[in-house]
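There's a structure below that I have some questions on.
For reference, chains read A, B, C, D and E in written order, and residue numbers begin at 1 within each chain.
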């Protein structure tokens, strides 16, 4: 589904990704963990080309995103992304947040878009908040709307960048529950997270990044209970 | 040490504290938990009168802070406070952050203030960062400097408002370690926190707040393992 | 309906003479009840009438008059403009239509300035672009201790005199006289004789615009000959 | 405050204050008519400035080098020279090349071009003030640059831009007093004329100041209301 | 661009361009001297404006009602009326009550008072832009309001305030051209004088525009440098 081949990325002098290789199979849930600044967000942003790569290739469903002729906007429609700080559109209601892209980009008519949006709101448990502006929602509610917004484009892959780390603790659970559901329904997902419980329970595979490379990857129980690399061990000892 | 008697506080129409009663004995470590918006920060800020109370009294070491004649600046020197977002002074080095208040307020000479500051930096493990600006520190390092800054006024009480919730997970440990040390040295502390492990291990008492009142308080093991009030139970079930 | 059509036609056939002025120079040009009045205004209207033109007057900043001639926004400018050699490099002037001459104005209490000689080393005010201003600069050349303040309008120069900021205002005699006459409570007076009688006003046209220049000169001669000029002169002075 | 000054000055004018008072009362309607011109011209210029400013602001942020350069040059020139000189050069130099220009349309064009430069900067910084996460979210949904701009960034920049835009309106209104030079019959022009014929500087300019002050005050009060209303959604 | 305009206008002026050129070259030193006055007066006014602005800005934030009212009134009045009117009223009306005022000191006072109002707003919003957590941290250490202000808030507001302050400097520099009306020998006044003797409007005012543009450009380049240097610590 996703293939990341030997990707390099630097910001000015700072080398952030130093040759990352990485595959995700259809319906697979991959959790990416690692210390702050290790390049997790950058990797995710390279996958949907929000950040242009310096070298290397990224394929999604066989199409090369890094090819100059690729219509990147077309492909991004198939890749949903959920951000740490939600990034809901504050000037639009919940419903409008969800229907905007389908209407404006896909040209779906408003009624159909709203029908789909209400279904998705049902899925994330927020049907009653359809006509509320984001400013009135709690953090957990915002993130659930953000997930619904991404799903409204009916993506093949979902990318999550620390979707719960800006949330108050009592709201983490509600967002993780939505994500777990999504995984069980068979969505292909890449999740950067610090929620080790979620990674262990829901992840098919865990990837540990440090200093711009993938240091270790494997089944959750292998990584958590029996990390091989000393850097992985050091990180997990601080976090668990 | 601290007595909070029947404190009410509202912001405009919004009643945030609705009659809070609360004591802290010398050398006691009290952890305050509760859902977002329940008034935990407001309570802490009323204790050192960063927020004026509407009614009720606050005493520290027998002095009534809520009395109009009290020199509040005098008393605040004896009450250290640590914020969620660190609030270091970005235009000053680490050392200057720590020495500023002792020099400017207490009139201590610079050399003595710096000697004390270096001791405190040693205590929080950051001697090598003395001449660095906050912008160059990691979150965990910033918070440790903030603790040292508060300690430099040699307070009798320390108030912590979610000191680790803005930190990357691998940095939480280093800050909690410093706090734990402080507790063992006998500092009187009030800690608003979502780190239940810390509350259980270090707290002498846990206070659960919800909707502007103290719903339940007791020994950590009692609260965590055997909460009496249904609201406490609901909250803990989400968070633990 | 036919009648109004004829009228329109008649108006269109009458040639229009677009005149620019700066109506801040009484009694030559000023504004009264939203009408432009003054010696210059009456004069140019009389010339226009004589020569079969409908005169259209536009007030503008003094600075704007010459560029307005330059790009034909106006056909001629009449604004108490003194004819000087330097200016003749940029515009053409008609024959002189008024011989102004300068006069000194001082505060009522001032007894020390009586003649032009007494101006040296004093603080002097004048209006920019007038012969008075040129004279002040000349005095300053003779005695560098002299201070000159050249204002955009003559009104400001008189106010400077009244507030005691300068010792004297050097200005065209008719303008100063008119000022002292109309503002009865003023603290100022005229001293000495009229001097620099070679200060002559002309009507400016775009350099090289001989057609308009000749037409204006012709009109000026006609009204001087038929007594119209004297009539206007008497009305204002 | 202005009243006190007028009073203080009336004494200095050394003229019976009755005369000054009469000058003002005789000319009040005339002045208010001038104020009408002032507001009318300023408002039209502002509209033109907004359109130009939108292009200039977007141009300065564009990654097309040439657009960015042109926008920057435009903004720099009009912000870097005195408005009076711009009015003068446009009225006499540039505009006559294009049409038989009259004072009022020239005034609107000159003030429009000038305010366009300032509004360009306002819009640029308004756009940059919108959280970067917003454009990322829009792009990640598959919107192209233009769609993200029109549906997500500009509507949010709009709110941010309201207060500096009101300031610009007020600044422009006051700056329109410079149009006096090219015979636009606005408030200051009429003040100049009345002053020149009455020598009542304090009364005339005092009254003019009061009128400007009232207009600017009205604009800023309305501006505050608009701002508050927008803030609530 | 200005050169092109001068050229374009030179043609329209219908004057041999040689004469215009001679006027400029003969007066260039005189103009540059005027530019010296312009910069000098603007700089002194800015210093005065900063002092006044600091008081007005702090005053507007003060919880003493009277201070707040006075500061607001001062700021509103000077921002709400055209500078030209202020210059005129101060020069002829107010200042003569206090001393035998001359054009240059009056100019500095007038521009200083005017820029003080603008700088007051800049400082107020600069102070409000400092993160509220900073004052809380300072107060929680036991600093009183004044200590928190001087040691914590103002040093940080200072940086925030630099870019709008540079804009104000440039605006003030251009506005100083209005001082021509009270015979301050600055750039615009000298332009006016040379123009009145030669009637070479386009050449004279074109040259003046170029000189203003160069000065403002220099200030904004220096400003950018200062800003960048401060940003690095």
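Observations on the model:
The definition used in the following text is that a contact is a pair of C-beta atoms (placed from the backbone, for glycine too) under 8 Å apart; a residue touches a chain by one contact, two chains touch by 3 or more.
Computed from a predicted structure; not experimentally measured.
Any chain that touches chain C and also touches chain E is listed here: D. Hopping across touching chains, the smallest step count from chain B to chain C is 2.
Least step count on the touch graph, chain A to chain E: 2. Averaging Cα atoms per chain gives one point for each, and the point farthest from that of chain A is the centre of C. Of all chains, B has its CA centroid at the greatest distance from the CA centroid of chain D. When C-beta pairs in contact are tallied for every pair of chains, the largest tally goes to D-E. Remark: chain B and chain D have CA centroids separated by 51 Å (rounded to whole angstrom). As a whole-number value, the distance joining the C-alpha centres of chain A and chain D reads 47 Å.
Annotation: 18 Å between the Cα-based centres of chain D and chain E.
In chain C, 63-64, 67, 70-71, 156, 159, 163 are the positions where the chain touches two or more neighbouring chains simultaneously. For chain D, the set of residues touching two or more other chains reads 12, 88, 92-93, 96, 201. Each chain pair that touches appears in this list: A-B, A-D, B-E, C-D, C-E, D-E. By the touch rule above, chain C contacts chain D in their complex via residues 23-26, 30-32, 34, 58-61, 63-64, 67-68, 70-71, 73, 153, 155-156, 158-159, 162-163, 179, 182-183, 185-187.
For chain D in complex with chain A, the residues that touch the partner chain are 131, 133-134, 136-144, 147, 151-152, 155-156, 159, 233.
Of all residues in chain E, those touching chain D in their complex are 1-2, 5, 8-9, 12, 73, 76-77, 79-86, 88-89, 92-94, 96-97, 170, 174-175, 177, 188, 201-202, 205-206, 208-209, 212-213, 216-217, 220. On the chain B side of its complex with chain A, the touching residues are 35-36, 138, 168-171, 173, 194, 235, 238-239.
Residue ranges of chain A in contact with chain D, taken from their complex: 48, 50, 73-77, 79-81, 83, 85, 87-91, 100-101, 104-105, 133, 146, 149-150, 153.
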